[in-house]
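Next, two complexes with subunit A in common: one pairs it with subunit B, the other with subunit C.
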Partner chain A sequence: MEAVQILRQRARGRLLTNIVVAAVIAILLALGIGSLYSESLGYYRETITTFMVLFSIVLGLNVILGYTGYVSFGHAVFYGIGGYTAMVLMYYHGVNIYLSMLAAVLAAMGAAYLIGLIVLRLRGAYFAIATIAVLEAFRVVAANINYLGGSEGLQLPATYYRGYSIAGYHGLMAVHYIAYFLLVGVVALGLLINLYVSRSKFGAGLRAIREDEDAAEAIGVDTWRYKTLAYVLSSITPALAGAIIAWKRMIVLPGEFFNLGLSIEAIISVMLGGAGTVLGTITGTSIYHAVKTAFLTSFPSLHLVIFGATIAGIAELLPMGIIGWLRLKSTRLRFLLE
Partner chain B sequence: MSVEKGEILGLIGPNGAGKTTLFNVITGVYKPDRGKVIIFGRDVTGWPPHRIAMLGVARTFQIPKPFPDLTVYENVLVSIKFSNRKMSDLEAAEEAKRILEFLGLDRHAHMLAAQLNVALEKRLELARALARKPRLLLLDEVLAGLNPAEVSYMLEKIRLAKKEFDLTIVMIEHVMHAVMEIADRIVVLHLGRKLAEGTPEEIATNPKVIEAYLGDPKLALAFVKRFRKQSGG
Partner chain C sequence: MVSGSLLFGGFVAGLVVGSLYGLAALGLSIIWGILRVVNLSHGALIAMSMYLAYLLTVMHGVPLLASILLTLFIGFVVGIVAYYLFVHRVLGGPELASLLSTFGFGLIILGLLELKFGGIARTLPVESSVIEVGHVPIMTVQIVGAVIAAAIAIGAYLLIYRTWFGRAVRAVVMNQEAAALMGVNVTKILMLTFALGVLFATTAGTLLALAYSFTPETGSRYELYSFTIVVLGGLGNPIGSLVGGVILGVAEQLTSIVASGSWGPLVAFLLLIVMLVVKPTGLFAKL
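On to the complex of A and B.
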């Protein structure tokens, strides 16, 4: 293939991804707007909200895990930091959700930088375990500090929600709809971040780090700076999702917000779809969420079995994930599927 | 020790002599306990590897370290992207193709690097290093594991690359006839110290070197004479 052909194929692939991403955001928006005016779509609003929360964490995780190859098992820590930061501002100072979200993401990015100073010195399994330790540390701290509500957490009174309204809904009723649209925004942001990483020199450097960190240094990649930046970027959308959910559910609890299970679900979704691809995040999260919801309603006590079976299945049959597997099938698909 | 601009310096010695360690010190992977590293007139002691690479230094690894889940083309392209040149996407793609063609890797351009055999892996190592348009090229046993035909091929490519890119090369090698043939000067390391330094003839006839490493003095000298004659003195 000539150079010009290569670039043409790549452009075609990017166009496809752009279309898919735009379609996903459009569908999410349409469902949201529809649910504002239609009673029956209300059920879908809730399940899609849950989907978008997982998707936000997945989109963050994909940057550090998928592109950089660092398996952040404790990634839910940023969801928790986002939730708690927002809740503290809302509970003690009555700050509105929008400013709280801003504070949440700044706190998470700062935490990612500081945590990274320690954990990014480690590689492979050591890094993974260290992130779990960090997650647990935050959970224990949150559960034992009164200012953060201790083991009972912090809960917002219904009066806090008086000022919010959307399309004719007010107060607590409005919150569910506003939260939905805020999450669409977060998902859009996450997709844009992933698209940027996928197409930039920065992303090429991250992939090099993933493939062989020493060789990456040898060709001139500033691995420390790139890893740190990736880790900080990966904290953004989980933190925003945490803030929104803290607001929507009116409560933060240490076990729920610093939740290892949430991390694991995100890892499964990333791996199932195809780590380090944009289409993979969409595919993996959708399939995982759909299967989980279906199983939860039919076999409520079996969902842990699903976790285990899925991980084992992916590791054995499809370590590259669905999109990753497709990309191996032919050169054309490799260029087409981003 | 020092390397002159434009020369090919052979670095030889028994296993464990410290040759790769020396490369690691030069490229910033290890920090020296004593002494300095000066490259292109700058004291780079203590610099991180990527910064030294940015000065125009490229290295290959003794055991090839390709980017396994990237294609051969993508391997070279990444290297070009970080070679600190302003290039459009098209220029970078064309440059990648050119380097692949130069090393006969174009047929395998869209194969995963993990699927390459040893000979092709070595060529990819060289391709990735050359893609950076370096001024100084450090080759670590780039001929190891190759059959005679492949060795000749690589030597030819190294010669061509040196001329085209105006390179200075330091080569760690155990394939004695290759080093004797291509090097302008040779440094011999033994137990972490410089044992001898000189032209290939001088090294081949140096009794200390023969005792520590070469074994048969007549054979080493024969290599030098044979190839000097072949290439016309």
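On to the complex of A and C.
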């Protein structure tokens, strides 16, 4: 293709992605507003909430895994840090959710920086295992320290929720709706971060690191700075989601918030859609969530087995994901699908 | 403060338990060092072997020794089949593929275990006497297991460095193409090595099951320990695995004497992180 054609195709691609992203956010908002006034949409509100939680983690993971190529198996640790930070503030000091979310994200970003100081020195499988070890360490600490609730966790009393209200709902009932809209905001933030990474020089540097880190360093990419920034960015949306869910569910438990399974689901979603693409995160998470919900209801006991077979299948047959596969089909699609 | 004899007892307990941990890690070490694949199904395989032994002994009344031998045999066969289903295709490619492929395999095993046996803790019907070293109780089955583990580790070392098969394996590690040109059936060697790794994990599982109760999650605890031990001892190094296991075992036992047992995984984590940062190739890198 000629240079002009490539540029044109890429511009079209970005327009397409912008439209898709805007549409996704609009649909999520519409569903939320609809559920405020219609009883029957209540079920959808819950399942979409779960979807958005996974999506938040996926959007964070995509930055460090998809664009930078660092396989963070323990990414749920930021979800956990967000949840616990928020819960500690709410439980011991009655802080409201909004400030708690702010604290949660700051804590996670700080943690990402510090953890990164150690683990970002490692590569490939060693990095992956180190992140698992970090996740496990946090879980053990949370389960063994009484201030954090130990293995029973921390639970908020219903009285805490008295101040909240939205569109005629009050207290605990309002919480589910407010949480939904907060999550839409988090998802929007995550999509914006991914779009930024995809289109900036910073993102190009990350991709260079993914393809060949030593070569990237050789041509002048400050790999250490870029990796650290990517890791910190990747902690934002998972932490926010963690804080919101801690608030909504009224409880934090070490096993649920520092949960390897959550990390794995995020990795599958990223891989299924196509690592390092924005459209891929949307595609992968949607398909994975839809299939998982369907399987859980139809095959409740077999779901781990099917889960495992699916992961192995994707890894062996379609490692580049759906969007990734489409991009390989023609040069046109390569620049069109972001 | 804690008495000296208690610490000594903890140390000895650590030696015993650590040898078992070392055997558990041996399978992971072999597969990682030789196939360059991080076998994330390692923990699930250990759990599988425990339940197989249980299935045969308790649910079908097979005598204990025969159950163990049968479990080992089945483990080896599972390793061969798993190689073709989950490992062969992802060998040359990106690391993430082999991580996820083996992880998926592990999930399938865990799913089947949950399905068939549920989550309650099981034990094997083993009567064991207990001896006390410095007021720390140690079961004789643990000591027997530790001796067997050490023997197997030494046997693995001899296998890799003193036999024709071992030479072929080392050749494949050094240079797959050259080994093929020299007449080595690379696929067969890789497959047998993987099956051997699974066999070691199976053996460790059965020995551990003699001493401790287990649930499907027990496997993942041993998996983190195994990672730590492999990094401590060096990839593909059987003696390193044994020594690394002992180091971890002693650290764990002393921790449970000084603090509390549930901090064990944290100890493993700290050791792992320290090793990864200071000397990721392990204390005795060889292969």
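We take it that the second predicted complex is superposed on the first by the 338 of 338 C-alpha atoms of A that agree within 3 Å, B and C clash if a C-alpha of one lies under 4 Å from a C-alpha of the other, contacts with A are read in each partner's own complex, and residues count from 1 in each chain.
In this section, a contact is a pair of C-beta atoms (placed from the backbone, for glycine too) under 8 Å apart; a residue touches a chain by one contact, two chains touch by 3 or more.
What you see is a predicted model; the values in this text were computed from it and never measured.
**Student:** Please work out whether A:E2 is in contact with subunit B alone, subunit C alone, both, or neither, and reply first, second, both or neither.
**Tutor:** A:E2: touches subunit B, not subunit C.
**Student:** Once chain A of both complexes is superposed, is A:P319 in touch with subunit B (first), subunit C (second), both, or neither?
**Tutor:** second
**Student:** Contacts for A:A133 in the overlay, against subunit B (first) and subunit C (second): which applies, first, second, both or neither?
**Tutor:** It touches subunit C, and subunit B stays clear.
**Student:** For A:L122, select first, second, both or neither according to whether it touches subunit B, subunit C, the two together, or no partner.
**Tutor:** Only subunit C; A:L122 stays clear of subunit B.
**Student:** Tell me which touches more residues of subunit A here: subunit C or subunit B.
**Tutor:** Higher number of touched subunit A residues: C.
**Student:** Tell me the contact category for A:L302 with respect to subunit B and subunit C: first, second, both or neither.
**Tutor:** A:L302: touches subunit C, not subunit B.
**Student:** Where does A:E217 make contact in the superposed view: on subunit B (first), on subunit C (second), on both, or on neither?
**Tutor:** In the superposed model, A:E217 contacts subunit B only, not subunit C.
**Student:** Can you list the residues of subunit A that touch subunit B in one structure and subunit C in the other?
**Tutor:** The overlap between the subunit B and subunit C interfaces on subunit A is empty, containing no residue.
**Student:** So in the complex, which bits of subunit C are touching subunit A?
**Tutor:** Residue list for subunit C touching subunit A: 38, 85-86, 89-90, 93-112, 114-115, 224, 227-228, 231, 260, 262-263, 265-266, 268-270, 272-273, 276-277, 280.
**Student:** So in the complex, the part of subunit A that touches subunit C is made up of which residues?
**Tutor:** Listed in rising order, the residues of subunit A that touch subunit C are 71, 73, 118, 121-122, 124-126, 128-130, 132-134, 136-137, 140-141, 143-144, 264, 267-268, 271, 301-316, 319.
**Student:** Across the complex, what residues on subunit A touch subunit B?
**Tutor:** 1-4, 6-7, 201, 204-205, 207-208, 211-212, 214-215, 217-224, 328, 331, 334
**Student:** Can you list the subunit B residues touching subunit A in their complex?
**Tutor:** Against subunit A, subunit B makes touches at 27, 29, 48-51, 53-54, 58-59, 61, 65-71, 73, 77-79, 81-84, 89-90, 93-94, 96-97, 109-110, 112, 128, 132.
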